[in-house]
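Below are structures written as structure tokens.
Paired with chain B in one complex and with chain C in the other, chain A is shared by the two complexes that follow.
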Partner chain A sequence: MEYLKIENLRKTFGGVVAVDNVSFDVEQGTLLGIIGPNGSGKTTTVNLITGFLKPDSGKVLFKGRDIAGLRASKITNLGIGRTFQMVKPFYRLPAFKNLVVPLFSPRVKRMGGHYGEKDTLALDILEDIGFERDSAVPYKPASILPHGYLKRLEMARVIALQSELIVFDELYSGLTLAEVASISPMIEKLIETGKTIIMVEHRLKELFKIAHKIVVLDQGKKIAEGSPREIMKQPSVKKAYLGVEL
Partner chain B sequence: MLVYGFINSVILMMIALGFSITFGISRVANFSHGGFYILGGILTWYGLIKLGLPYFLSAGLSIIIVGIIGAVMYRVVLVRLRGLELSEVIATFSLGIVILELLRGLGVFGYEFRNPVFIDGSVEIFGVGVGIQRIIIVCAGAVLLLILHVFVHHTKMGLAFRGVAQQEHTALSVGINPDQVSMLSLAMGSIMCALAAVLILPLGVISVDEGYDILIKALAVCIIGGLESTLGVLVAAFIIGYIEVLTSMYISSSLTSVIPLACMLVILLIRPSGIFGKSKEIEERV
Partner chain C sequence: MSTERRRERIDRPIKAVTDDIFCLSSMREIAYLVIPRILPIVGLLLLGFLVPTYWRKVIVITFIMGMMALSWDFMASCGLTSLGQALFFAIGAYSSAAVNHYLGLPIYLSIPLGTLIGAIISTACIYPALGLRGIYFSMVTLIIPLMLMRVVETTGILGGTEGITGLTHFPGMFITTTISMAALWATFFGLRRLIDSDYGHIFVALKDNDRAVEASGLSIRWFKVQAIFIGSAICCFCGAFMTHYYMSVGMSAFAVDLSIFPIAASVVGGMGTLAGPLLGAIILGPLSEALRTFGSFRVVIYAALLGTFIVTLPEGLFPYLARKYQQIERWVEAPGGISED
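Right after this comes the complex of A and B.
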């Protein structure tokens, strides 16, 4: 049984076919990259998998169970976490409180703990991800944090959630090379600890270094699938990415 | 004047708080607020006078019943209308009218519909005689604000509520069901509304028309203060509360009912988001 199996997923918005009969599998403990030009349906695919959109047709089989169309909070509690391409922190909460919210989610409930006790845990997670603990940064409201920190906060949220399958939507966009270089190893570490990851990414060079498999979307359709090495050679991919150096 | 303005302001705050809490968390403008208020009062009256229940039992039950009605209204009707703001307003307003007009049809009119004060008597404050009921209202208002503050800022449920209010998508992505939170926010708002009714109505008779008045007052206070701001509710209640008392003392008491509306219009003209309201953040796509 496949860990995650996407079957003939389709979603239209009015006349626009955003995702057009897309199918692919993700093996447990691997990293799948989804690439494609802007508007090719990557974010829509993420939304369909994580319950933020209902597909017109098709299935999302997670460990054999069709989860397509379930409420997003339900899917989260089944173990699938996501980040947002456009960062969406709880703007008026301090950075560390942003993590206390997921730490109280039903998914991590078994760890117990009362209000206040989870603050330390939240600060630990933030420290691991590069929020200097002794600085004021973890205590600042999310609304005044720079973009690089907000991106990392997105990632910290799914780590706090202890999701087993994590979907990152353009986590690297807007980050400096140095920031990407510091985050990439963390993602590899997540894989090592048994997590499964789907990364929608525009930063192909960085993605190809850590991905096991790549799916290429163009105008809602899957146009190629294979190892990063194979994908780099595909003429159809080069065409879709006209001008992008692979 | 000082004392009466103060009491009047606290009363206004109590009336508006339930509306503001519900809106602040779930963005539902509960236009059945006035209906719930009168319902809370009349249920208490019914339990007390007709069924002979002890006062506090009758009041407690009424508050719980109104809370449940609020939650059911969300669960059955509003959940289908989420995002359609006008439909939400029409639905809640209709329910409010149904409640009020049903009560009118059942013959709720006149002096007999009156809840007794909790404790008779009055004390003197700054040389003014003040009924004990009014003192109870002021104390209850302060306690309510305190409880609310502790709930929102120091409990995990309060944190979840703030999460949903600030960023619904992210709340969903960490496993919070916003519909559940919104339902609870309606229950909470309705409970506060009925609580206000139980405390305040003994000062006068229970009349159906007051239901409409209460809704307008709650709206005025919330819009002037800024719709989701509890601090705004407090400040706006005091502004309107004192202007009302001043008007009835120095101009004419028949004008007081116009004051909240006049203040609301002025604020809408000069600062549409209210004194403490935040201008809308730009909605981003998922």
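Right after this comes the complex of A and C.
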């Protein structure tokens, strides 16, 4: 039985077919990259998997169970965490209090493993992800944090949730090379600890270094699938990515 | 080359000390901390018990309206911008009236029961609209009370246009004032405590980013239900209280004024601060009464004052006062400023 199996997923918005009969699967403990030009349906696919959209047809089988159309919070509690391309912090709350919210989730209660005060726990997670603990940064309201920190905060949420399958939607967009260089090892570490990851990414160079498999979308359709090495050779991919160096 | 000058805001020296370190070294510092906390409580006590009899009635109504404003502000902080606090008020009013009139339960049971039953019915009424956001949600809250009012009118249930009269009254003005003031403070401190707690942060998060709340594994619907229940319970208490205060309930419980006042008070006082809406209600309640002498021209003056206030102080009175109290402004030279060559 596959860990995550996407079957003939389809989603239309009015006349636009955003995701067109897309199928692929992800093995447990691996990193799948999803690439494709802007508007090719990557974010929509993420939303369909994580319950933020209901598919018109098709299945999302997570450990054999069809989760397509379940509430997003339900899916989160089943162990699928996600980040947003457009960061979604709780602006009025201090950075570390942003993590207190997921710490209230049924999943965290069920999983245990987190001990002690929620505040301390939140600060621990933030420290691991690059918020200097002794600085003022974790205590600042999210509304005044720089973009790089907000991206980390997105990532911190799925770590707080102890998600087993993590979907990153363009985590690297808007980050400096140095920031990407500091986050990449964290993602590799997640894989080492047994997590499964789906990464939607435009920064192909960084992605190809850590991905086990790549799925290429173009205009809602899957046009290629394979190892990073194979994908780089595909002419159809080069065409879809005209002007992007692989 | 000329040096630019700019105005700078800095924390008052006392504030800078007291915010971080609690070493109360002088009476001055103690006073600085304590006065803003004592003043409102003493002020309301004086207001509630020392004004002439006629005004005491106004003050009781003002306290109740203050609770309505707190409820509105709390719900708005959760992203639930309601245009229909009157709905909750009316449901609470009719619930307690029904319990008192049809079941014959005494006042000390009918008010709590009316509050509880009312909050349950209110939440059920709003439940189908919980999936809506922003103005769509607001519109539904505006429509439902108008609709229910017509239902009462045309079907004649719950007394129809006549209303239900002859309800038990409060034992006396002292008790009435005490209960309303106690309820107001309980609401204020209760809500503030909730908002500042970790659990309360979920409600704040609901407004900031409901999708991220779902992505945190929490059902936004469930937390909105809780927010509506808390917010409507406060208004239902107000309705139940006023019903017994007037000894009757009628269709006026659905009046749009009851929906507008909390918003006006919150805007005047400063939205999202709880203290602001409370302050706003304490100002607007008596003001609206004082303007009665102007007859029907009252509304014009009231509206003009309100408008002027909002335009000159859009942040709200409370945030403005808090800033003035905690910070001083001074002119400083800005050598790095724009120089004219």
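We take it that the second predicted complex is superposed on the first by the 239 of 246 C-alpha atoms of A that agree within 3 Å, B and C clash if a C-alpha of one lies under 4 Å from a C-alpha of the other, contacts with A are read in each partner's own complex, and residues count from 1 in each chain.
What we mean here is this: a residue touches a chain if its C-beta (ideal position, glycine included) is under 8 Å from a C-beta of that chain, and two chains touch if they have at least 3 such contacts.
All values derive from a computational prediction rather than experimental measurement.
Under the clash rule set out above, the superposition-derived model of chain A with chain B and chain C contains a clash between the two partners.
In the superposed model, A:A68 makes contact with neither chain B nor chain C. Of the two partner chains placed around the shared chain by superposition, neither chain B nor chain C is touched by A:L4.
In the overlay built on the shared chain, the residue A:L204 is in contact with neither chain B nor chain C.
By the touch criterion defined above, A:P106 reaches both chain B and chain C. Common to the chain B and chain C contact sets on chain A are residues 50-52, 71-74, 76-77, 81-82, 84, 88-93, 97, 100-102, 104-107, 157, 161. Across the interface of their complex, chain A is touched by residues 198-199, 201-202, 204-205, 207-209, 211-220 of chain C. Listing the residues of chain B that touch chain A in their complex gives 154-156, 159-160, 162-163, 166-167, 169-178, 281, 284-286. Touching chain C in their complex are the following residues of chain A: 50-52, 71-74, 76-77, 81-82, 84, 88-93, 97-98, 100-102, 104-108, 118-119, 157, 161. Every residue of chain A that touches chain B in the complex is listed here, in rising order: 43, 47, 50-52, 71-74, 76-77, 81-82, 84, 86, 88-93, 97, 100-102, 104-107, 114-116, 157, 161.
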